[in-house]
Amino acid sequence: MEETLDLVLVGVLLLNFLMLGTSRLKAAIHFAGMQGVLLGAALFIAHGHASGRVFFLSIATVALKGIAIPSILLRATRNISIRREIEPFVGFTASLVLGALATGLSLVFSRSLPLLDEHAAVLVVPASFATLLTGFLVLTTRRKAITQVVGYLTLENGIFVFGLTLVEAIPFLVEIGVLLDLFVAVFVMGIIMDHIHREFSSLSTEHLTSLRE
Amino acid sequence: MLAFSGGGDELAFAAGFPGGALAVGLDPLSAVFLLPVAVLTAACGVYSLAYFPAADHPREAPRLRVSFGLSSAGLIVVLLARHSLVFLAGWEVMAIAAFFAVTAEDRDREVREAGFLYLVSTRASALCLLALFALHSAATGSFGLTPIGVGVVAPGIQSALFVLALVGFGLKAGLVPLHVWLPPAHAAAPTHVSALLSGVLIKSGIYGIVRVVSLLPDARPWWGEALLVAGVVSAVLGVAYALAQHDVKRLLAYHSVENIGIIAIGLGVALICRSTGRLDTAALALGGALLHVVNHALFKGLLFLGAGAVIQRTGTRSLDALGGIAAAMPATAIFFLVGAVAIVGLPPLNGFVSELLIYSGLLRVVASGAGEVWLLAALSAPALALVGGLALACFAKVVGSVFLGAPRHRSVSRGKDAPAAMLAPMAALACLCAAIGVVPFAFAPALAAASAVALRAPLASLDAPFAAISIVSLAALALCAAVGLALRARLARAPLEAAGTWDCGYAEPSARMQYSASSFAEPLVRVFSFALLPSVYSPRLTPIFPGPAAFHSEVVDAALDRILMPVVRAFADFARRLRVLQQGSVHAYLLYVWLALIALLAVTGATE
Amino acid sequence: MTLVDFAAALVIPLLFPPLMLGVITRTKARIAGRRGPPLLQPYYDLARLLRKGVVRSRTTSWVFLAGPVVGMVTALLAASLVPIGARGALVSFPGDLVAFAYLLGLGRFFTIAAALDTGSAFEGMGASREAAFSCLAEPAAFFALIVLVKLSGSYSLGSMLGPDLAELWARGAPSLGLATVSLFIVLLAENSRIPFDDPTTHLELTMIHEVMVLDHSGPPFALILYGAAVKLFAYGLLLVRIATPFHVDAAALGIGVALAELLVLAIVVGVVESVMARLQLLRVPSLLVGASLLGAFGVMLLVG
Amino acid sequence: MALWLVIVPLGFAVVAFATPGARVRPWLLPAAGATQLGVVALELVGRGDGVGAPWLGLDPIGRLVTGYLAVLFFLCAAYAPGYLALRADRPNRIFCSVMLVFFAMMNLIASVQHLGLMWVAVEATTLASGPLLYFNRNPRSIEATWKYLLIGSVGIALALLGTFFVAYSALRAGIATSMLLSDMLASAPQLSRPWLHSGFVLALVGYGTKMGLAPMHTWKPDAYGEAPGLVGALLAGGLTSCAFVAILRFFQICVAAGESEFARTLLLFLGLFSMAVAGAFMVRQGDYKRMLAYSSVEHMGILVLGIAIGGAGTFGALLHLINNGLSKGVLFLSAGNIHRAYGSKRTDDVSGALSVLPASASLFLAGFFAITGTPPFGPFVSEFTILTAMMHAERYAVAAAFLGLLVVVFVGMGSTVLAVVQGEPSERSEATPYRDGFLGVAPIAVLLALVLGLGLWIPAPLLALLRDAAAALEIAR
């Protein structure tokens, strides 16, 4: 079981790097979606037993994180027909280097925290931190509003990974609530992005700096 | 009046506060301060009916009436409060209502700016008091303003309380260099509000200092010394600045700074004597200070009301534009003259009595020669004399340039004096000034009782030569009257010839050639230029046929324009540069969140 | 206080002062090699002025006449506070030295007001100078008196200048010496003598006291002249008592000695006026501040 | 039972969504507010029946905050019909129903006893307030909403991680964790310290973002500046208080774990920093609604500062929560009226409001004096209590900094407020026909009366509630 989980998490880490390295908007969204699918699987594996509840949660995760949310974002990209590139403040190579650095730091940081033995053995905690930091990088270095949502999604994915250590403690209601919140958040952001596009004919956040001191 | 005779009553009612019962009370100390409040509020209230009629100011007058009354009421609450929250509430009601009274004519930019400066100062003062009372309640475990027993509060805390009181109340009273708000606010306010402000409101600061010191059991000598030095500096600089003013209301305001300084000198001497155990001298000096509080309310109120009558008539506050008004407004001129003689501290009026008591305190400290503190008193007494001389020069200038000589202002033609509603309050105040000057002993018991409360000492009568003062005053009045009558009788028989003023042979003298107020003050301003830093705009005259040119000199307030404003500007500049951090970039904002997280985690990591 | 003392204290300030002016004038004349007017000339002048008519400026009000009256009355009252010799003064109480200064202040206030009432540029100028200089002289006088207060341990003129004055000199001679010098400077300044002011000058621009009273004439002018003499007398009395601390027990003799000393002082003033030139007006404040510093130095010497 | 507090507004939200008439719909808001007042009164009288337990329940903090929220919401809701009648050009179906959902979620935050569910509720308020902010539908409000959503959501995500960390601290200690507050408090002494500390920091930053503590406050001026005054009042008075409650829950755990010193140090630092940043940005602030946002930042700083000091400071902070919220209601609603009348929120354009809108401008001015701690208004009492606590704890340097910053804030705020209300009325006021009306002024006046009342007299039940709530935060002391 631990090996399978690690395998899935390695996949998650890999997707982080792909996301930092890609220059294409749609690809980034797809990577985030794939991460969502992997998380659904990881949740199933982490529980270690197949109850109806676990099954439902995994399916819901895959459905929302893997399918519904990416499709909202993809719909938003349809609006922007001309410039579909990611416009970073920090170059792709530099982003990759930073991502690697972040992953390394996550490994070090998770060592410094006292983990239970069963969690020390697997990649859960470092993968969580690494994904979190990747999300942060995407949030702060990518110019388009839509990439920021992708970053936020990745950030949430990182936290979700950490949640795998607490599968016993987190009640069903909370798990579903978190998922729903995320979905609604992206849904609302999607609507706002729609309006941004309508108002400014662009999704670049450069237009969103009129409110200032 | 009730409280002068006996001990104070206390009234308490319970309320849902963490602080417990809210108490008010009246004791002789409160009563001494209450008296001028009542008199001046009434006088200014009557005066305002004619000075600021609702018919001429439909928008401002109702608001002004309310705020005027509220500030007076707040002051009364302050004087009666025996609970720090009640005190603070009264304090702020007074201060904020006074703000609205000062800014009654808020369409004028100058008024708004002055009002804002006042508002900020009063807030700074209130926050000092907040700290004061918070520390007090933390140290004593109670919000009650009752004397603290010996040994309850550590000496260091007591000193901290004193310093907070000195700064907080000093801001309100206008001790230099905390006086910056005072001149502009007085100039901006409607004149009867200036009278109230200067006459009684700023005295709440004095009351606060006296009250707080009366609560503390162990007075240190340096408290009194600090107060004495602050008083001397305020008095000298206040009057020096006053001398350099061209605006009659600013001038009177600076005289308030001076008089507050004189009061502080008395308080300082009293505190020094209290800490060294010479209670009779302390009572004498404190009695003088308290009497000066009352006196200043009377004569400064009188002067402001008189000035207001002139301003209403002529529409200008500039001394250099006035002159010869005595002919048109004889009654106002006489009342103003009475106020001027009183504020300079000359016999036979009330200012002389209180200054004499304060001098007596100083001289007794010198005479006793105890420790090293006598030297401070020995240097302060001549400083007080200098202040007296400067005040004399200053009021000679005001009286001379406003009321005497020939009119410089077109609108001053022969006409009617101010209306009765304005003259009657002035007359009442002038009579009170004379009464205290001629029969000071009538007021001695009240002063003694108040001093006893403030000094935490048993009641004893003041050891002051009130009878001799009476004799000198009466003799001066009687002799002047006798000689004056004799002269009049003699002149009635003498050949009298009217002529133009002798101008040393110049053929065509005009009113504009009179010695102006600025010129009058020039020699003294020059002497004090090291402190006043006057800016002089003097034209260069070409040798043959010079064109029209004007000479102008101006003295700005050093504490405000050379110290405070640069600091404020520097801070505002710094704040403006910080705005770079918030330029609308959501990326930067997200970065701040992360930086905060990292910083806090680092702090956490470091503490483990 | 005996009856003789009382009578003396009442009569001398009234009658004696103009004589001092006569002595000064005579001294100056003698030094200049002239015979000079008679010693009693000031009395004749006063009598003549009192008989004369009055010319009044049209701009003036009652204040113009109040000036001379108040000036004279306050000078007389101030003089009554100073003891003649070691004997008591007419009125004496703790703090009377303050009353002395402030009574003279009242007189000055009204004199200045009267000058400003004429609306003349020249009189305004004189008033301004008078106000400025006496204001600077006041601290000097106070420093001198403070030295006495500290040494004598009391603050009424009667006991400060009482019989023990000689003993005070023994304890604080340097301080009292400085105080005497500073008080002499104050006397010259307050009474408008050279080097501060030249009563005999004819150029209005350089005058102080004289220019203030340009418009006065007849009886009011007599009051002014008389008041000035009384003021000189009061200051002189103070100065000679401090400078000559002897105690003469017999009442009449003590008074006689004091008056003789006053005449000597008048001669000294005359000599000073003859040998010195009038100071440049802009330098006057420096001299007065200097006098204050002398007094302050005297006070400092008493530390310890 | 506590569940009603959430269900009632949700029910009204459904009704509002279903109601067809745009004129009638706004009146559902005050109706919901009034009903909620009744429910809260019943809740506060009864000791709770345990329905919904252990997830929902009203501890003293919950009772205090739900009661306060009901009052604030009722008065803001009473203002709403008048406001929405003026904005008849805008559809209000979403606005009304979302506002009720938002209110329901705030009640959920205050009454929930489960850390995970609390997070869900907080995030839900973020999402619900998005449409409220976006009511004006102009480019500026889009920008504000975008920033609010993004920064808010990212911050909240960190809070979720913090919640997980704290839960893991129990797991690490070998305790079967349920994330229920009562369980966490009971097992607090054994919790694994590194996880607890990091978890607290994350929760503090996360919920602090929501609360608007500097330097996570950046969304605030934009959001408050662009939102209608009504929404600003609910955000500044209600939402920030709820986020504060969320932080208090974590603080409670720290206290129970004997780690109060650690938590207080962080709170002290953030509190003073927030006040300083707010002060610096309030100086020469030319936009009076942004100025109110910085005032909110400042007062959030005061709240955490009070908790950081402890003792009477805790009491003061809880009292200040109410005082600040009600005063902010006064300020935002009256500022909204002024904004409406002048069509501008720049002080360059707006002056002489006292002449144009005597009632609103007077209330605005009174609100300014109230919020800056002028007696006899309520905030004075709470700030004074906090200051007394500082003196009592002998934190003199903190007290000096606190007072110094209050002066700076007063100067900054005062110059802006006075520029608006005083002086000659500017021509901008001619541009719109809006003037004071009963519906636009009466609710604000009632709010102000409450603020004044709290400065003069604290009713005994409220006093008891405050004391209980403060005690709940001071167990380990």
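Per-chain numbering from 1; labels A, B, C and D assigned in written order.
One rule holds in what follows: a residue touches a chain if its C-beta (ideal position, glycine included) is under 8 Å from a C-beta of that chain, and two chains touch if they have at least 3 such contacts.
Because the structure is a prediction, the values reported are computed rather than measured.
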| item | value |
| --- | --- |
| Central chain (by mean CA position) | B |
| Most remote chain, CA-based centroid, reference being chain B | A |
| More contacts between chains, B-C or A-B | B-C |
| Whole-Å separation of chain centres (CA-atom averages), chain A against chain B | 69 |
| Inter-centroid spacing, chain C versus chain B (mean Cα positions, whole Å) | 34 |
| Separation of mean Cα positions, chain D and chain C [Å, integer] | 77 |
| Intercentroid distance (Cα basis), chain D paired with chain A, Å | 31 |
| Residues of chain C whose C-beta touches two or more other chains | none |
| For chain B, residues contacting two or more additional chains | 579, 582, 584, 586, 590 |
| Residue numbers of chain D (touch at least two other chains) | 143, 146-147, 150, 154, 194, 198, 221-222, 281 |
| Complete list of chain pairs which touch one another | A-B, A-D, B-C, B-D |
| Residues on chain B engaged by chain D in the complex (per definition of touch) | 15-18, 59, 85, 88-89, 91-93, 96, 103, 106-107, 109, 112, 115-116, 119-120, 123-124, 126-128, 130-131, 133-135, 137-139, 571-572, 574-576, 578-579, 582, 584, 586, 588-590, 592-593, 595-597, 600-601, 603-604, 607-608 |
| Contact set on chain A toward chain D in their complex | 112-116, 132, 139, 145, 148, 152, 155-156, 159, 162-163, 165-166, 168-171, 173-174, 177-178, 180-181, 184-185, 188-189, 192, 195-196, 199-200, 207-211, 213 |
| Residue numbers on chain B that touch chain A, as the complex places them | 579, 582-587, 590-591, 594 |
| Residues of chain D defined as touching chain A within the complex | 114, 116-117, 119-120, 123-124, 126-127, 130-131, 134, 137, 139-140, 142-147, 149-150, 153-154, 157, 160-161, 164, 167-168, 170-172, 176-179, 192, 194-195, 198, 221-222, 225-226, 281, 290 |
| Touching residues on chain A, where the partner in the complex is chain B | 89, 136, 139-141, 148, 205, 208-213 |
